[in-house]
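Letters A, B, C, D and E mark the chains in the order given here, with residues in each chain numbered from 1 onward.
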């Protein structure tokens, strides 16, 4: 079986008036169908850029991205993204409900509403459905962005630090929600996170990136099985071990970078 | 309709007395010159000829000429200045179907308010004088008069503005004098104490034909295709013009159609409304335009005249 | 207590009253508001004037509607496809500064002096503010909004209609407000200078022709301003209703 | 040919192709129609060049265009200043908003009596241009000033920026894209109003000559002045665009990365 | 000594077209001079609203805030805020350097530059000084916002999830930077965070808020002393204990809320 996603020799250089900046360079990895890959790496290393190239929003300056063996050129269908800058990715002129319904315009109205209600309930925002994004707190806005992506039911879900602005308890719930959705809908997930624990708890594999320009430092299998549970899994020996390993890989760099 | 357009189509070309067209549209300008036309309408002189005349108000000679050229008007009142300029540029083949007004003394005047340095005609050179537009009678006629009086008109700054604005401009001192036409002559004197400086319709320009009714000739155009209609129009106009020397008949027309107030209407000079189209008289106007460069080449007006059956 | 909005307008009328009462200008020329306002009330009961008022208003309205229908799609196209924009802008920049007023004689010659002419001329003047505000609003479009829509598989047309249009809409409406005033100005100018077409401009041209009814001229002028004012007030209300999400959160501050 | 020269050439072609096609079509149409009122461009352009290199340049074009530019600049400054005031102060808006909206709605040709009364009929050109060109800048600036992002407003308040920093450092840059839209609209309006203002009370200017040509039925000359207005408008607009590109260089859309940002083509 | 900051019976209700929403209600607490108070609470409970009322950006609908005994009315001087919505709080028309210099308008140019350079170096962004905010990654933007607040050297520093978008390693460094700055400049800090570990590691005290409308659930002293060290402190018994306590207090609520 060809991998769901194949990234080969990927490189991206931003052109600016005051010189170019290479954000990614020679990055290769694959993601199998139904896999959940967590990506960790230092701030500014190129993780968001990576997600943008995979989603076809920007064209990489080097290398290629293939989905199911066909090179990505333009935005592939059946893909959803939760952007890091969640608050700006919501449409202020639409209510929360309509923001979630936005990508579902192919569905009949009733179906759309049902999906949106369901997704909003899952992230705990049923009560805020009729508000507008700017009437919500940061964490609530982030959850709207997550609900929108889930309601879309994509085959490939790209998430850029999706739980950064929610409290610990909600974070746990959303993590488990993601695992459940993945299991039920067989979604392939690529998740960027800064929380090492989270990457190990969620991932089938953890991809560690180097500092800018991003290259793959390591790709660690997470042998924790399919069933995970917040307290038990995090307490397990393998978890603690892996977590230390990821942290170690991340730390192998000079403290100050830019 | 509500937009203010005209939605009746042209009437079928049939009707009494062999008229090619019984319903015609005539362009007018809100000036004293057209008083007899309105008088003729009100008295039913056109009806008697089997003609139904609808008037369409135009802001100036330019617009009126445009109206007959694109066929939205059949005949229009226009100044000879605009007509002859257009004719000399070859934009169309214009025909004069009836004479309008010929300026009597006190009809077209250079006036100045008391605050002005201009007291007499010889003061005019080097001053600012308000006119309605360049190359119209308002600048050409005074120039012609000044020329015979030996006054240098080349040094004058002619400043174009609307007639109603001239009084304000003179009072404020923006201009030193203004060339005005009735009823503004009367108004300037009455309301701002303006004094006459020069009668622009005197000497070489005495009884100068200033305006007339024109149509467009040429293949398929109104002036060529409707001789009987034009003849009927001419008869009705001649009848009205012949009564024009009776003030009491004209004054209500001034009030109603040139928007004079009643007191002014009682005072305005009533100029000559000629009943006949005489080529040699009208030729003077064309010559004036040519002499002062408003038209480049001499213009012969005789071919433009549609002589009325009554006169010849 | 006077509503604050009236203070400015009342001040304006006071200055006008004063200017015409002093001998700066003959008061029969700049008639004071104390004379004009009663005339204005009188005009509103005058059937002839009301027909002129309706003709002008309707022509303006039609022109604005046509301008919106032309300029918004054109603006979306020019604002989103840079090749089209580059190609079209030279011509646009060339045409824009050509005054409608200069075209009045030509237009009257070509289209006649009916309402079509004034509407065409008004459309010509009114498309530019809407077109430009649409283009500039698209330039300010948040790229992340576009990325979000695209990532969810929205087509280019979909992005235009569902993202670009709503986010540009408030500024487009400002363009419409500008356009309305311009369309009104052009309609009235065409009535004034092209003739033959019923409306406030023609009414003013007639009233002014004998120099005797300056009060009517000024009363009609004020009423023309009031038409524009009312249209603007309506559009502003629409703005507040539709685009409440852009309103500055003054209440919180 | 270097890559730079090639991109430059493509740019020029893209910019002028449609224009040239339009001119060619016009030439063809006018030649076929043979209407005296619509002379072909090949007749107009020589007339135009002749006029430009006649005394009309110094006597009419320079003073008229000078007035226009001055009026536009003053309108721009006043529009931005007032726009920021009205856009950021609800109180100023409640007092002055209705007045401005009323003034804006009065068609400029009808204001002649007021201009005659206040500045005189021979001096009214400059005020008329300012009056006409003010509104697009004012309205657009109000829009831009109002639209400053709430978080940025809060940031400015927290750091207790000076009023100057607040207006020139935050509100103005935030409103600048919209201000430029207004300035560009104003520019062409200034050209238009320049012409209108020269219809009465003026002894020089392009509008003065244009009307004279119109009244004399000097059709090619009239067209020559109309085209001159187009040329002038295009010229000044191009200069303004250069200024705009500099002033808005910080906008992400000017980065090479984001060439077709708006709909991501 | 009167407390630096005193919040008494604070309540705030947002008015909307579709009804009012009470974000805070009857909240009282004090912060002493030079104290570092961490605020934790569920997503959407009213933490950002709290910071806005303290900074004088919004007027509370109930109760009052006093600084040094004087009621806050308008934005107090000598205060800096790192907003949760950091990307929007940067001025896109200014370079990173100028963004940091912007609030320092009272200082001479050279001094301003020096302070900005120093602050940017502290957050590891010296190399990005001449870029514009939108050329930076999310985490880098957040660090610019932090640098701007630090360069201002406020007496009271309010931070709303300031480290949410940076990687674990950078987060540790920034946490230690904050502790150092506080020590050296005697800044009083109020920091909102979702990371329970962080709240305990940084705080002299942790204020736990209830779900919306926010009221104080508990205010826990952190007896870890002034000197803290990432590895040792986090491994200490008190730390683990406190952390569990905070987590317990936060969990005492129904899982789904809005």
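FYI, a contact is a pair of C-beta atoms (placed from the backbone, for glycine too) under 8 Å apart; a residue touches a chain by one contact, two chains touch by 3 or more.
This is a predicted model, so every value here is computed, not measured.
Engineer: So which chains are sitting against chain C and chain E at once?
Structural biologist: A, D
Engineer: Among the chain pairs here, which one is joined by the most contacts?
Structural biologist: That would be the chain pair C-D.
Engineer: Between chain D and chain E, tell me the centre distance in angstrom, where each centre is the average of that chain's C-alpha atoms.
Structural biologist: 48
Engineer: In whole angstrom, what separates the CA-based centres of chain B and chain C?
Structural biologist: Here chain B and chain C have centroids separated by 36 Å.
Engineer: Got the chain D residues that touch at least 2 other chains?
Structural biologist: Within chain D, residues 37, 113, 116-117, 150, 199, 214, 251-252, 255, 264 contact more than one other chain.
Engineer: Which positions in chain E touch two or more other chains at once?
Structural biologist: Only 14, 57, 85, 88, 135 qualify.
Engineer: Find every residue in chain B that makes contact with two or more other chains and list them.
Structural biologist: Within chain B, the residues that touch at least two other chains are 62, 162, 165, 168, 172.
Engineer: Along chain B, where are the residues that touch chain D in the complex?
Structural biologist: 62, 82, 85-86, 88-91, 128, 130, 133-136, 157-162, 165, 168-169, 172-175, 294
Engineer: Per the contact definition, I'd like the list of chain A residues that touch chain C in the complex.
Structural biologist: 52, 55, 57, 75, 77-81, 83, 85, 88-89, 91-94, 102-103, 105, 132, 134, 148, 152, 158
Engineer: Once bound in the complex, which stretches of chain A touch chain E?
Structural biologist: Contacts found on chain A: 14, 16, 18, 21, 40-48, 84-85, 87-88, 121, 124-128, 130-131, 135-140, 143, 160-161, 164-171, 173, 194-196, 247, 250-251, 253, 255-258.
Engineer: Using the touch definition from the top, list the residues of chain B that touch chain C in their complex.
Structural biologist: 2-6, 27, 29-31, 56-60, 62-64, 66-67, 69-73, 162-165, 167-168, 171-172, 183-184, 187, 191-192, 254, 258-261, 264
Engineer: Touching residues of chain D toward chain E in the complex: what are they?
Structural biologist: Within the complex, chain D contacts chain E at residues 149, 151-152, 154-155, 157-162, 165, 169-170, 173-174, 176, 250-252, 255.
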